[in-house]
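Presented sequentially are two complexes of chain A, the first with chain B as partner and the second with chain C.
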Partner chain A sequence: MATKASRSAARLMMAPAVVLLLGWMLVPLTMTIYFSFKKYLPLRGGDLGWVGFDNYARFLSSSSFWPSVQATLLIVGGVLAITVVFGVLLAMLLDQPMWGQGVVRILVIAPFFVMPTVSALVWKNMFMDPVNGLFAHLWKAVGAEPIAWLTEASLPSIIMIVSWQWLPFATLILLTAIQSLDSEQLEAAEMDGAPPLKRFGYIILPHLGRAITVVVLIQTIFLLSIFAEIFVTTQGSFGTKTLTYLIFQRVLESQNVGLGSAGGVYAIILANIVAIFLMRIVGKNLDA
Partner chain B sequence: MGRITLDKVTKSFGAVEVIPPLDLTIEDGEFAVFVGPSGCGKSTLLRLIAGLEDVSSGQIRIDSQDATAVPPAKRGLAMVFQSYALYPHMSVRKNIAFPLKMAKMDPAEITRRVEAAASVLNLTDYLDRRPGQLSGGQRQRVAIGRSIVREPAAFLFDEPLSNLDAALRVGMRLEISELHKRLATTMIYVTHDQVEAMTMADKIVVLQAGVIEQVGSPLELYRTPRNKFVAGFIGSPTMNFIEGPEAAKYNAHTVGIRPEHIDVSETEGPWSGVVGVSEHLGSDTFFHIHETGLAETITVRAGGEVGFNHGDRIHLTPREDVMHRFDAEGLRIE
Partner chain C sequence: MARSVTTRRKTINTALAWAIGLLIFFPILWTILTSFKTEGQAISDPPVFLFFDWTLENYAIVQERSNYARFLWNSIIIAGGSTLLGVIIAVPAAWSMAFVPSKRTKDILLWMLSTKMLPAVGVLYPIYLIFIRMGLLDTRVGLVIVLMLINLPIIVWMLYTYFREIPGEILEAARMDGATLKEEILYVLTPMAVPGIASTLLLNFILAWNEAFWTLNLTAAKAGPLTAFIASYSSPEGLFYAKLSAASTMAIAPILILGWFSQKQLVRGLTFGAVK
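Moving on, here comes the complex of A and B:
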């Protein structure tokens, strides 16, 4: 790819893909922005003309807006914390030579293959059901009052479900990172008098820095838009209404496309703010 | 201080016995070099001494204290690894300070020792760099710096120079010898380069398949190798071995003669052969002689000025007083 001719040939051949991707991205974005400036009620009169920033003002002043931003951030933050902490621990465990390593590794990855809808339903009905759920039985077995998970502790429950789904991803990436650690470094630290906890803090954790950054950035992108887990469990009640869910309600339940589109633009802005923060905090791990 | 004794030490990985029972003593302040072909168990032996591997049986004593079950950090030994094993996310300063920090030493004392080590090793200008921004030789020196600040009872080196280029290797070899002279601390050095062994060691330990073939000073090993293996391993280029009727003349199964102990002449000598490849090093020339009827090739060292051409027939005279005789088992006959 060094000569002038091969460079321009490369550009020519990449062009179709670039145009397609650009269209793929730009068309929905433009339409969202277009509708966000209109009063558009599909079942109640259709396109009722331009309204300027009305939708934006209404979405922002709605009583559900700030709680939804808060719920979104809590879920993203909670899931990130749980998956990174347990991911590091699990990865270190799986890195140890042990009997049945291959099978255990596949079992750990398995939750990632379960569709979000299915896993949320399984959790809701099999584990968290206050009458028949496994947790309820467990609580009764030790003589405690069963918890109605999804109504009494709805946000933690959702964080738990989503963490369960994303833990394999974090574990897998962190495991490959741990495996690339030069064992002589650990031995050198051992000879230098560092006990296991210090070896973890001074050698393993810094080595994992870059992998943790990747896990955090990728998960954030997907976690900001979780939907199925909320839809099949709490339907957005009990303080679990995320920004995504709020937009869904505005568009489909209230049949207000304009308002929903304005919410969509806010969601883009929120995602960017979160991304900028994350890049500030962890992004420096990526260079070097 | 730093006297290390191995008493009937063995090591097996699963069913494979890598080190059969082995006894060895390294005196305080000695520079001991382990040499041997690849896979003979040099690194394993070093790691047993360091405590990074557990012995399968036997005892390791450091200063006549049983250290067999003592964890590596408590043995008071420092190790320099082949890959240097520097901590990549720490600056050179932090790397060198790490063992002191782990020992919870006073920060002022840490700074003093780190700067002292850095000035000894010419690292003062690089203290704030990361290992990734250093050359191979500089990294090597950081690794050494990290080991000397602790003032250990003994240093363990596992092929520390094998990643360096030839010129740097010679330089670092001198620096390590210099360091040993100054610190007068026990050093155990693993290499498979016999030149390093000869030039640096007080005591060479020749290993083959986990067994010690011979222990002695470089010149002892050079002059009186105990068997054919040691004779072939020590000295460069390697010794010529001659079997058959010619060896029988000397009442031996095999006779060995070093390339530097054969005189060449155009006209006279008991052996004769045809010159093959000549390697001109300037100071010396190595001739590979064929068709002698004694061995496949006989290597001869001559002065740098001696010039024979490929295909010349020449005559050789071995110096019989420095000839080595071996029996059918390969053991030396006095």
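Moving on, here comes the complex of A and C:
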């Protein structure tokens, strides 16, 4: 089917997409690397010359660097743990026969479609506000002191908001994977007297292994760069300054472009480490 | 999935699943309900759930005070424009990858995906600078281009998986019957590809609609879409729950409805075919 003429036609048809993405990748990336070796302060003197690896060293040694790494890891790790554990449980529940399954699916999936600024703002004000929030009412109703969630328990609050947004994603993908499980295998195990916990541990969980890996990898890539949720709620204060937010502040708020770009290069390297694993899985599947 | 279960078990499943489903959906439901309350009822303690004086005034006020319609229009233009443009560029690429695959097709597909993994913040300043230089800052055109580029890998990928499911034999048969390439594409391929293209459009429209890094950082007053409109409510003067809820409801309602139609495509679009 592939003649020489159709080959070159195919190449021509691919060209726009490839060229655009190549430009989109290379141009800004080159500029970021270029800036990262310069002392560059647009509002305070502009380009002040080459500084070698100074920015890289300064970014690492700044007092906000390690806390930001810590906050990033806690948020990513916390959200992953919550969404995967509850995602598996919820997917298994939704796979069971019940009435109104379609409607329940819709209810569960809905948070994924809420734009991040809306969910952050709704949670911040209508639920987590220490005076008028629904949680405050609830706490007072049982006689407890309301909690100022986003200041006193800022990281858990952000983890909760983001988990709410991503649980539907994990659930949906895990549900798809569970539905592809051969039910005869489960029935056979049941007949052989395998208790539910064993059936889960030896049949369901291994079958879900790949789907869980995919969920973890894709979510990690998105979670490493969450922005709106922090921008709208705490603006990076109270220990919620992630690596992404720190770089954003360096670049746009304090306009220290050299330093921010060095941070950007670190973020790119970090994301690429995760991406390599994801690519391997996706690539393997492409062959099959 | 023909597992026979007792009615009792089914009842328990149903009750549990509905309870959890409603719990997860509750913040959205609460937002929608609050948008119909007066400001006083919105913060009343104990909270009122259904028995309040339903009112539409919040919607009117939000539109009047912050010109909701303009932000909505920006969102439609930006999400719609970037998605359409992306599909126009991606269809030929995906078509050639699916029907004239070469040794490098897989590498190209994976490379395209890898551009999607580039953290936005890493290239924030260069894009910002390019936007200023080219006069694209706070314009809809600029955002259409950026959102098209960040979603292009997903669009190509989704279309590729759909096109690959079209059997090549049908195309060969058409060719045997003397169809030209143009007829082949127009009358044979297109009708079969329409559902796939439609799902791709839908999912990417949603993704572009909710995108909240570039839309917040590259717009100000003029081209801001609904993400920016809502973010403007995070200032203290915007702390009126009923109005905040009305604004939020208006920002998410269109996409919730579209999203419910696209939930089947979600898995395919977001896992790049790694989970089936």
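The rule is simple: the second predicted complex is superposed on the first by the 256 of 288 C-alpha atoms of A that agree within 3 Å, B and C clash if a C-alpha of one lies under 4 Å from a C-alpha of the other, contacts with A are read in each partner's own complex, and residues count from 1 in each chain.
Basically, a residue touches a chain if its C-beta (ideal position, glycine included) is under 8 Å from a C-beta of that chain, and two chains touch if they have at least 3 such contacts.
Nothing here was measured: the structure is a model prediction, and the numbers come from that model.
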Overlay done on chain A, so just call it for chain B and chain C: clash or fit.
fit
Partner with the higher number of touched chain A residues, chain C or chain B:
C
Rounded to the nearest 10, the angle in degrees at the CA centre of chain A toward chain B and chain C equals 80
So, A:198: does it touch chain B (first), chain C (second), both, or neither?
first
By the touch definition at the top of the document, which applies to A:206: first (chain B), second (chain C), both, or neither?
first
So, A:158: does it touch chain B (first), chain C (second), both, or neither?
neither
So, A:261: does it touch chain B (first), chain C (second), both, or neither?
second
Would you check which partner chain A:187 touches, where first means chain B only, second means chain C only, and both and neither mean what they say?
both
Between chain B and chain C, what is the tightest CA to CA spacing in Å in the combined model?
6
Can you pull the chain A residues that chain B and chain C both touch?
187
In the complex of these two chains, what residues of chain B are touching chain A?
50-52, 71-73, 77-79, 81-83, 85-90, 98-99, 102-103, 146, 150
Per the touch rule, the chain A residues reaching chain B in their complex are 182, 184-185, 187-195, 198, 202-203, 206-207, 209
Can you list the residues on chain C that touch chain A in the complex?
1-3, 5, 9-10, 13-14, 16-18, 20-22, 24-25, 27-28, 30-31, 34, 43, 45-47, 89-90, 92-93, 95-97, 99-102, 106, 108-110, 112-115, 117-130, 149, 152-153, 156, 168, 172, 206, 209-210, 212-213, 216-217, 226-228, 230-231, 233-234, 239, 241, 244-245, 248, 251-252, 255-256, 258-260, 263, 266-267, 270-276
Sites on chain A touched by chain C in the complex
1-2, 6-7, 9-11, 13-14, 16-18, 20-21, 24-25, 27-29, 31-32, 35, 90, 93-94, 96-101, 103-119, 121-127, 132, 134, 137, 140-141, 164, 167-169, 172-173, 176-177, 179-180, 183, 187, 210-211, 214, 218, 221, 224-225, 227-228, 231-233, 244, 247-248, 251-252, 257, 260-261, 264-265, 267-268, 270-272, 274-275, 278-279, 281-283, 285-287
